[in-house]
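Labels run A, B, C and D following the written order; every chain starts at residue 1.
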Amino acid sequence: MSDLFIYTLRLGDDALIAAQRTAEWIAAAPQLEEDVALGNIGLDQLGQARSLLQYAGTVEGAGRTEDDLAYFRDERDFLNAQLTELPNGDFARSMAKLLYFATYQHLLYEELRSSSDETLAGVAGKAVKEVAYHVDHATQWVLRLGDGTEESHARMQAGLQEMWPYTAELFATDDLVQRLDAAVDPSTLEEEWLRRVTEVIDASTCERPTSAYQHSGGREGRHTEHFGYLLAELQHVARSHPGAKW
Amino acid sequence: MDSFQATIDADGRIEPRDAMPEGYRKTLIRQIAQHAHSEIIGMQPEGNWISRAPSLRRKAILMAKVQDEAGHGLYLYAAAETLGVDRADLLDMLHEGRQKYSSIFNYPTLTWADIGAIGWLVDGAAIVNQVPLCRCSYGPYARAMVRVCKEESFHQRQGFEILHTLCNGTDAQKAMAQDALNRWWWPSLMMFGPPDASSTHSEQSMAWGIKRHSNDELRQRFVDMTVPQADVLGIRVPDDGLTYDEQTGHYSFTQPDFTELYEVVKGNGPCNQERLAHRVKAHEDGAWVREAAAAYAAKQALKKETAA
Amino acid sequence: MSDLFIYTLRLGDDALIAAQRTAEWIAAAPQLEEDVALGNIGLDQLGQARSLLQYAGTVEGAGRTEDDLAYFRDERDFLNAQLTELPNGDFARSMAKLLYFATYQHLLYEELRSSSDETLAGVAGKAVKEVAYHVDHATQWVLRLGDGTEESHARMQAGLQEMWPYTAELFATDDLVQRLDAAVDPSTLEEEWLRRVTEVIDASTCERPTSAYQHSGGREGRHTEHFGYLLAELQHVARSHPGAKW
Amino acid sequence: MDSFQATIDADGRIEPRDAMPEGYRKTLIRQIAQHAHSEIIGMQPEGNWISRAPSLRRKAILMAKVQDEAGHGLYLYAAAETLGVDRADLLDMLHEGRQKYSSIFNYPTLTWADIGAIGWLVDGAAIVNQVPLCRCSYGPYARAMVRVCKEESFHQRQGFEILHTLCNGTDAQKAMAQDALNRWWWPSLMMFGPPDASSTHSEQSMAWGIKRHSNDELRQRFVDMTVPQADVLGIRVPDDGLTYDEQTGHYSFTQPDFTELYEVVKGNGPCNQERLAHRVKAHEDGAWVREAAAAYAAKQALKKETAA
């Protein structure tokens, strides 16, 4: 497996699994406007996933399509960060997750626009505008919930805290990103991410979380116990009809 | 009121600021609200398959469709609000069971083929019902319907395309498509409401230009449109009495069992309880979020004021 | 498909899906003794399912094993009553479900012991003792919860009510059970079932539920929307490795 | 107390009614409670796969195993109660994080092969740790351990059998087995606790006949037992430093990274929060049930009394 293939899968799996979770809010959001907004965000994430997985298939050169990669890989072959697979929890937890993830994606795609790999640069160029909206949407909610009522403040603080131990993984560097010219080394984004996220959290009147422990493993296919259930749902119909077209 | 009748007679549009009979206003509120409620309840049976859609392309199309339904809900509630009611109050009426939504959404989606069948048959029936509403006498409703119908005809084609793929797929896929048609055919026919002979409200609504065609006319139109499409798919409409009349150019068909429709309307359908419970739960779970948004907005307004 | 095959599947699928739901309580029960008790009940149900599905495969004569039938049939091919597939809900709902289902199974297996089909008679002979314990266990809890605290009474009443519209299906007769000599026509069990269940409910100080609507369809493979998710979880690993042995 | 020491010295059994030093009692309560907690927390990582077990036979075996663990919890809490504590209080201590459970259960079960690996390695290590406890100086604990060990050796064989089937299966299955061994090897070695040089409590526990062998002795025994089994399976223990010493008849092996163990014990492992949260939720969700059972029992007792 080439570095470029693995790197592209990491990005694609992040987007795919994030989309799967975001879509769980549709028809369950706190208000109709939010069903629409989260529908948009999920669609953006899914669109990014499709472009990236399709490209991963091309890079691999074994004839696998976006669907082969999404529906016919096993749990340990998915390379998304664990943050993306966590259950949504309440709306505050979901907005904390989106703030952390979209801010990361935004910084990443900004850099990736000048990747030496033209396809990745192209995907990033389109996606960067989308995720700027995601960041904005999450920011607005973190502010409203953090500085809303006593209950919403407590929930927002809990959400920020609960997702925090899954953020370091987004910025973990490794040999692959260091040697792959087309890649962005995510460790170079962490400082600016922290600055931006802190600014939002401060403005929301919440406190910036701390954590003695940071989870890791997603980039090597080690996931949380939640992930297997997500995959079972995602893949069951496709796996039940191997070879079928839809 | 003379000007109201004159506008109706001239096939003109009534606008929010215009005088209108109380009965007209109430009928419209009821109808538009029911329509809006149907859009948002209708998100559930299809939303049920987003996480399990068997290809990423279909997943994206389905997400976009369900999102469109939320959008339709938004314009329709906005159209109802032009008649002097609040969306929040209409939602309360839905949640308390005091206003209805389309009974079709009280049937479960059991396989992926149901997503195709809903697009093809349910959106198809909705379009037949709604296209005439684009010429409804109440302007905001008519304009909302133009937008809704445009998107729904897109959804209808997507549904047909799902089934078309299944019907040209494996035996299991084709069986799935046939099974979906078997289950959704009769409920779809019921979407046009009771037979004209027993339909209430209809006459006055016709006179007011809210309704343009009778239930039975629209049902016929739907059957005439749909049967040839089933032939193209190569699946069989589950009606032994279906025949084509060369002379009239119409199909004759068996009427659905309307006692089932009345039961489902009364609350006795397979998913009535789940649909309402899901909706109420989403609303209640979201209460603290809406309160927080309101509290934040009030704080921001106060800050602006004191700064000014 | 022979009548005997279909009839055996109905019984086997009831037991299998009931076992799947019962097992969800393990490591989540209100007290440790209940983890053990529900483990026993789930194991009994699963044991019945295995005997019945294995026999269904034999009757069919197409070489399908219990696992082929459990893991490689699609949703519309499962013939269990919808009651068995309903989510557990709280403990009171689960005990209401168990009271209704085990009382039905007990009456059924009592009759089936004298089936003209020796294998079914044999399975029933073993199972009838097991389900007698299930009935007793559910009964004890319905009494305790119904006549316990105000909260438990309200929950028990709600549980009995919520499961009630799924009970008529257990007793629905059809051409198949009428013409199949080896079968018990479940409609012949309903009166006694109602007597027994009413006795427990009365003693629990709850009211016997009523319902304007009774669900149906499970015996023809029409299920609730919950069922597809249950199957995705049940089947995902097996479907991901077609042909593998475990 | 002289009789206590005499019993210990004679390798006899201390029983609940016997006098015993407070330190002995406290040490035992802590150890038995921790052991009981480990059984019930240990239900979670394996329970996680019951609904997804890939054959009905394996599903039944797994359900029975997890149920056995609940049973072990029951005898162990009962053994602890002979020392004058309440199960409810011990559970509160677990839920509040004031008593520990085995750190091995803070790792996630990611594939079906993990169920094999837990049976083989984790139950295997547990047996090595616990067999000597069957001769523990405290009678109720020793007797509980006899029962527990018997069932665990059964579980250990079942785990090995799962892996054996995988290792003789498809390539994907074999890879799954190897991956599980890779992930569970080091945590299993840590189950014997810190190296003797840095182990607290050990000396006094040895003197009291609660502990019979040092951590490092037991770890060596586990490695010696397990490595040949891995060879039978045809999977590789992930230790480049592993060599067999013909002379001593022992394997030399790389020590695990004990800083990881200390972190996980402190709460910094992949599943510490989930495990405790799941346990607390089950307990809290069940509170109304336990209250109802108590209220019902009280009512029944009162009825009997007034009837008498």
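Convention: a residue touches a chain if its C-beta (ideal position, glycine included) is under 8 Å from a C-beta of that chain, and two chains touch if they have at least 3 such contacts.
The chain lineup, named per UniProt: A, C = Phenylacetate-CoA oxygenase subunit PaaC; B, D = 1,2-phenylacetyl-CoA epoxidase subunit A.
Bear in mind that the values here come from a model prediction, so they are computed numbers and not experimental data.
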Pair joined by more contacting C-beta pairs (A-D or A-B): A-B
Length of the line joining the C-alpha centres of chain C and chain D, rounded to whole Å: 34
Distance from the mean Cα position of chain D to that of chain B, given in whole angstrom: 57
For chain A, residues that touch 2 or more chains besides their own: 74, 228, 232-233, 236
Per-residue multi-chain contacts in chain B, two or more chains: 52, 172
Interchain contacts, given as pairs of chains that touch: A-B, A-C, A-D, B-C, C-D
In the complex with chain B, residue positions of chain C that touch it: 74-76, 212-213, 215, 217, 222-225, 227-228, 232
Chain C partner contacts - residues on chain A that touch it in the complex: 74, 228-229, 231-233, 235-236, 239-240, 242
Contacting residues of chain D [partner chain A, same complex]: 45, 48, 52, 108-111, 172, 176, 179, 183, 263, 266-272, 274
Chain B to chain A touching residues, read off their complex: 40, 43-44, 47, 50-60, 63-64, 66-67, 70-71, 73-74, 77, 112, 162, 165-166, 169-170, 172-173, 278, 281-282, 285-297, 299
Chain B-touching residues of chain A, taken from the complex the two chains share: 16, 20, 23-24, 26-36, 39-40, 42-43, 46-47, 49-50, 53, 66-67, 70-71, 90-91, 143-145, 147-149, 151-152, 155, 233-234, 236-238, 241, 243-246
